[in-house]
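Got some structures for you, see below.
Consider the two complexes below, in which subunit A is the common component and subunit B and subunit C are the respective partners.
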Partner chain A sequence: MPAGISTSDFYYILPELVLTAGALVVLIADVLLPKDRRAALSWVTLIALGATLASLAPFASTRVEIAHGLIAVDRFALFFKILFLVAAAITVLMSVRYLEVEGASPGEYYFLILCATLGMMIMAGGIDLVTIFIGLETMAVSFYILAGFIKPSQRSNEAAVKYFLLGAFSLGILLYGMSLMYGLSGTTNLRVMATRFAGQEQNPLLVLAVILVVAGVGFKIAAVPFHMWAPDVYEGAPTPITAFLSVGSKAASFAMLLRIFVEGLPAMSGDWRLLFYVLSIVTMTVGNFAAVTQSNLKRMLAYSSIAHAGYVLIGVVAGTARGVTATLIYLLVYSFMQLGAFAVIVLLRREDVVGDELKDFSGLHVRNPFAAFAMLLFMLSLGGIPPTAGFMGKFWLFSSAIDAGYYWLAVIGVLNSAVSLYYYVRVVVFMYLKKETIGSEPKATPALAVTLAIAVAATLILGVYPRLLFEVAEASARTLGMVPITTALR
Partner chain B sequence: MLSAYIPIAMFVAVATGFAIFTIVFSNLLHPHKYNKVKLEPYECGIEPATDARDRYSIRYYLVAMLFVIFDVETVFMFPWAVIFNKLALFGLIEMMVFIFILVVGYYYAWQKGALEWV
Partner chain C sequence: MLLLIPLLPFIGFLVNASFGRRLTKRVAGAVACGAMILSFVVSVAAVFRLLSFDPESRVMAQTVYEWITSGDLAVPFTLRLDPLSAVMILIVTGIGSLIHVYSTAYMHEERDAEYARYFSYLNLFATFMLVLVLGANFLVLFVGWEGVGLCSYLLIGFWYQKKSASDAGKKAFIVNRIGDFGFVLGVLLTFVRFGTLDFQQVARSLANLGTETTFGTVSVITLLLFVGATGKSAQIPLYVWLPDAMEGPTPVSALIHAATMVTAGVYMIGRNAVLFGHAPLTLKFVAVIGVATAFFAGTIGLVQNDIKRVLAYSTVSQLGYMFLAMGVGAYAAGIFHLYTHAFFKALLFLGSGAVIHALAGEQDLRRMGGLKRDLPVTYWTFLIGAIAISGVPGFAGFFSKDEILAKTFESGHTLLWGVGLLTSLLTAIYMFRVVYLAFHGKPAAAPQPAHPEEEEPAAQAHAHSHLHDAPPAMALVLIVLAAGSVLAGYVGLGGRFEHFLEPSFAPQTAKAAADGGTGMTLMIVSIVVAFAGIGIATYYFLKNCRAAAVMAARFAGLRLVLQNKYYVDEIYDATVVQPIRIVSEDGLWKTIDVRLIDGAVNGVGETVGGASEVLRRVQTGSVRAYAASLLLGVVLVLGYYLWR
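What follows is the complex of A and B.
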């Protein structure tokens, strides 16, 4: 065995290996199973995700660097890995019916979801620019294909091409920034980089590197002004993929963001805090105001997810242990409510109705009370109304900003939440107050009912009893190297 | 803090200026004599036979992509072969795993009919 690699390294990447094996099994099963038994693929996929989740168990309190510091196995990575796996499982659950209605053969679909999840897991664990980038590419390439999976649909094709071209371009910018970071420090390892940059005088090239990386990451989390792709891609992509894209890809990009800036560039925290401070305000405001005018629900949720990226950035700007904790909490909470909202849209997709327009929701509470109630809950949670999880998430985000001395950021965040209530409540008005209904009865399949039940339960439980989540998130945030609080922006 | 950005602004200005200067200056200097041969697209020195805007089968892309996949596989094998003695059994197993994953993809593409020329 070559120097630097040991058998224990393979032990620590066991979850990733299990997931890779699962993905290969799904791929082979796709060609071996007879055409009428393809529905079993979703089960194979769920088993693969479950096995991966189970294989995370031995690493509950591990904190090591493996393979020459390419990957870190710590609680921060663990938190995100669990989030990705749960999000992927929920996506698979809501995909079954959607693919049936669209008449698309599952084919590579489930394989690609597993590949995207694998990429995300590597991104969360990566503490080396190269590892992070490989994870990012694995995830991004899978999503490019998935966005265009409904081949006869022109909008789906448009989404895929737009996402691919803009994504490739933004990756180029990100890579340029990363290459400058490497050139200036002589290492790709983020932790070594942090020690090399510490105490150095300000280098304009490093500032350029920070700007480029912020732009590249900003694209991935859909922060304004790098958000232009999001509404078109979210609207055109298959609905379950939109859900996974807005939750998994965003969370993974935030994991990458925290790793690069908090672990690798604490010396530049004055600069990136300033940039994220501005980005956060602009993103929240533009996202919310643009969402107000939307009549297509997928588009509205796209703008809302842009706004939510702005909220989450508040925690990053704070940069304290509390801020990072709030970021983790919010990403998890947001995952459940966002996935749930998209599950309702999938439920409304029937043979005769597309189901993503606002008017398709009218009278829903008469025809499917459970779905209407679930949607009500998700909308209130996204708007940040107690006793939902969204409220607790926002509470921690804003309080972390106040704690770190960014009072205005918290004020603007609260004002934005008020604006967002307008368009969230509008959906509720359509569901409960309008009478006219369109198309056939929207019935939930067992898989969709389970999806909604999970999302509803999580949104309520995390809102009423958030203590456990807080403790877990705090312990995870503490494994990340912390930035000292500077007075740069007080 | 903003003064730190001045060198970047200068860098951008110089880079843009250099590009514009080169294009404009070479346009001013070079002789403007055109003939048929000069205006033809350059194709590795071979005279173009037909118009480049022609329809061709989309299958070319598939073949090209499959070629690239297995070409890159070989690229990975060369450095592996050079230090094979040092890597020993570990290297052999690693390469087997790598090839196995590729073979799965190959099998999938084959079964899906990617190798059939319709």
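What follows is the complex of A and C.
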């Protein structure tokens, strides 16, 4: 790869630069601000995220490769960047109250959230294994620390250690796969790689590389059997971080997945389609069935999020323009309902109640009707009931599978969403059909109310009026190099 | 204009849901009833407009907006009024308004907030039901389909203080999941096969196709859709949730679990008459399931002691009739029965509600008796309902049920006709058994509930007051419905109802009625059977109660089986519920959700040891196990490739 980066390249990474600057400001402000004023840091963080979002505006229809093919600035990346920034902002909004209750210092916390977001943005733009890897590590390391941020809590510590050890292990596998890809093609650029792999479909080393990369990515998206870390980490990590992890990290990993496989390995699509096909089925099924027995809501949502990774994989397997579109739509829709559900858990966290057990939701509709209604909506949406956004997302995923000829995948998907409703509605039963209440009155702080309002509005609007999202997602999906449909698996 | 019909109750819902806590009962009730009555008025106006059109072009449509558009897929949010949906919206808003009014009195003992919550659910239900019947394509219908389900669960569990109530809500929910699984697959397959989800377009693209004589795609689609219908409309094998749903407030049973929601499955088949008409195999199956359910539920209804449960099984049984009609291609007759049934079954439920209200929550027939004197309005209206459902000539049920049986016979399904006829004998017997046990005979000792903990909270205040008939709002509704139960059937005279509906089912409706001779004979047989049923009930439960006891003793085994509803719940529990529970709790819980270091998680924060402690525990296995599973995944995949 020829060296040298031109100044115009810096223009194209303006959003990333703004975000980096914002992160540094937060870090400095943390030192400068007196201890009792540090709550203002959340505002600084939000402004940084907002400024980054605004700085994306000039690139609304850009489609270039910069820095000699290290990064692509295209609509695909843009879609994900918006998703990350919105998810990060919502996470910050729900963190204010949570940090207060837990008595944790906000400085590094917000800094790390911004760092993680930066990592995600680099992952979505990366079309080179090196860029992607740097993004991945920036994100992962931030999350390792964030997972253990509530220092007095052993649960939190344990989550961090586990996440770190297993993350490092899976990263090794991923790197091994990546290095094989490099070794076989002599380049780290995914698009160049794609041309060099053409005709190498039978190369056993390449098959091995595919398998290893699938495993490494499978860990990040928490696909079965690489999911074991997720329930423990989700349960132990601070709730807003769990939310961000299950949304941001998952979406970023899917962006990486699409870049690597769709852009870099179209030649091997028969192999990775088959792998993801099996992974998708196993992931949906195990995730949903394991979620049925959970009584801890964070753990239940962890399994639910595993199951959702399985649904999203359906779009990847389809691999068509419609499949990728469905993947993007679902990831966005999922972000809002998942973040919303976690926001309700944060709302239930009071000085005297942990708020993440099913019984903590008992009688919520009497004590806080809005929160109960919001949760009802998120649960129905996660279960795929119309007219919520979740239904739209699932409809799109399943029809993309049918469209590409994967009938059984759609059938299993529908069956799974039928099963999943069982545990989602159990939450509704507790909120609406039980009256024993515990602890003090759960009140929504303004920030939490805003969080819930955003999530509720998005879940409803994207379900009732999904057209805009469809158009945007379609345009974004088109900028990703697409593979033709294979009929091998029909 | 069409949008206004579901929108009005939705506004009522919004008002009561947002401000309900601050509203007095009077205001909350007025808002809910007002919204429904207005919606009824608009519906009537819309139907009149529809009637002014040519019979062949009686369709009104309103596309609210383009819901989903992308590439080859376009699903607009369209409401469409045709003769079939016209009948449905009149039932939903008409009967719905009456039941709203009735509820203002029935639920009066509830606290203000609960009262508003009840009405907000009821309004929301009406909204979704109207969307369901007005939707012009499968997806809009599905919005209503899931929405009414949700409201139904919330209303069944409305008295969540009762454990049985929230259990029943859960059961309804789970059973309906199975149905919906089939339904969604049916819809997806429809899209694959026809490239559209619009009912009219599907019907149109079938126009050039012959019927499927073998089991092809259309048969699969219709069968899957029918699975959905068996869930929603409580047919074998998914009927088990409906009797339990009686835990909800009685007006809810009348509206949702008798007159409207449970008929959605029948409606859906009627809506897709052309599609089903192309799949004779599925239709045959529908007919058999329908008549089997009718008979099966009728026999259970004979021996139940809870007044609402008798009515619930009766509903299941009558829905069976409707499916029988659908199955033999007599769509108009099925919808006609749906329409008359809405009147008399709502009447019977509300009448039983008045009894329960008067008796402080008592639902057991054995503890009733002699109520005729104290509750005259309730008695006479209930009697009319019973006569109507039994199929006595001149009353609504006669016209519709007779038509179904006649159409069944004419289409050559003699066996199905025979079973249907037998069921109508059962209907007359179990219905008059209720009339005699509740209203005739000697008053039972004291109307004290046997299980005080199960007593309906709404009725507690009445526990010690003496018996009184239905309050004015309730009495009025009962009288209106009684009038309907008598008169509703005359609409169908001379095939007018059928003729009106014809465009909705074209071109696959059953052939015109056979010559008068057979029709007359069949009618006479039906009438004889109805009177025979009433006669049998009169003998055993009024004139000679000892004979009933002797019969019960002689057939003790059969009676036990019936009383336990053929042990279906137990069988399902043993064959389906327990295995799933064992697999997911014992199997999955222990193998998939391994939490090897449970202790560390549970003992949060108690040890100050911190990181080193964590690391120590981590090293005892869990992380290693997790990493091993990761590696195992890779090895498995590799193994697959090596072996291939």
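Keep this in mind: the second predicted complex is superposed on the first by the 485 of 490 C-alpha atoms of A that agree within 3 Å, B and C clash if a C-alpha of one lies under 4 Å from a C-alpha of the other, contacts with A are read in each partner's own complex, and residues count from 1 in each chain.
Criterion: a residue touches a chain if its C-beta (ideal position, glycine included) is under 8 Å from a C-beta of that chain, and two chains touch if they have at least 3 such contacts.
Not measured: the values here are computed from a predicted model.
Chemist: Using the touch criterion from the header, give the chain among subunit B and subunit C with more contacted residues in subunit A.
Modeler: Here the partner covering more residues of subunit A is C.
Chemist: A:V130 in the overlay: touching subunit B, subunit C, both, or neither? Say first, second, both or neither.
Modeler: A:V130: touches no partner chain.
Chemist: So in the superposed three-chain picture, is A:G270 touching just subunit B, just subunit C, both, or none of them (first/second/both/neither)?
Modeler: The answer is first: A:G270 touches subunit B but not subunit C.
Chemist: In the superposed arrangement, does A:A410 touch subunit B (first), subunit C (second), both or neither?
Modeler: In the superposed model, A:A410 contacts subunit C only, not subunit B.
Chemist: According to the stated criteria, A:F219 is in contact with first (subunit B), second (subunit C), both, or neither; which is it?
Modeler: A:F219 contacts subunit C only, not subunit B.
Chemist: Please work out whether A:L27 is in contact with subunit B alone, subunit C alone, both, or neither, and reply first, second, both or neither.
Modeler: In the superposed model, A:L27 contacts subunit B only, not subunit C.
Chemist: Just to be sure I read the superposition right, which of the two partners does A:I402 touch: subunit B = first, subunit C = second, or both, or neither?
Modeler: second
Chemist: Just subunit B (first), just subunit C (second), both, or neither: which does A:V207 touch?
Modeler: both
Chemist: Going by the contact definition given at the top, which residues of subunit A touch subunit B in one complex and subunit C in the other?
Modeler: Dual-contact residues (subunit A): 204, 207-208, 211.
Chemist: If we count contacts the way the header does, which residues on subunit C are in touch with subunit A in the complex?
Modeler: 17, 21, 65-71, 73, 113, 139, 142-143, 146-147, 150, 153-154, 157, 160-161, 165-166, 169-170, 173-174, 177-178, 180-181, 184-185, 188, 191-192, 583-585, 588-589, 592-595, 597, 600-601, 603-607, 610-611, 613-615, 617-618, 622-623, 625-627, 629-630, 632-634, 636-638, 641
Chemist: Quick check: in the complex, which residue numbers of subunit B touch subunit A?
Modeler: So the residues of subunit B touching subunit A come out as 1, 4-8, 11, 86-88, 90-91, 101, 104-105, 107-108, 111-112.
Chemist: Report the residues of subunit A in contact with subunit B in the complex, numbered from low to high.
Modeler: Against subunit B, subunit A makes touches at 1-2, 5, 20, 24, 27-28, 30-31, 202, 204-205, 207-208, 211, 270-271, 274, 488.
Chemist: Considering the complex alone, what residue numbers of subunit A touch subunit C?
Modeler: Counting only subunit A, the residues touching subunit C are 152-155, 157-158, 161-162, 165-166, 169-170, 173, 204, 207-208, 211-212, 214-215, 218-219, 225-226, 228-229, 231-232, 235-236, 275, 286, 289-290, 292-294, 303, 322, 325, 366, 369, 373, 380, 385-387, 392, 395, 398-399, 402, 407, 410-411, 414-415, 418-419, 421-422, 425, 429, 432-435, 464-467, 470-471, 474.
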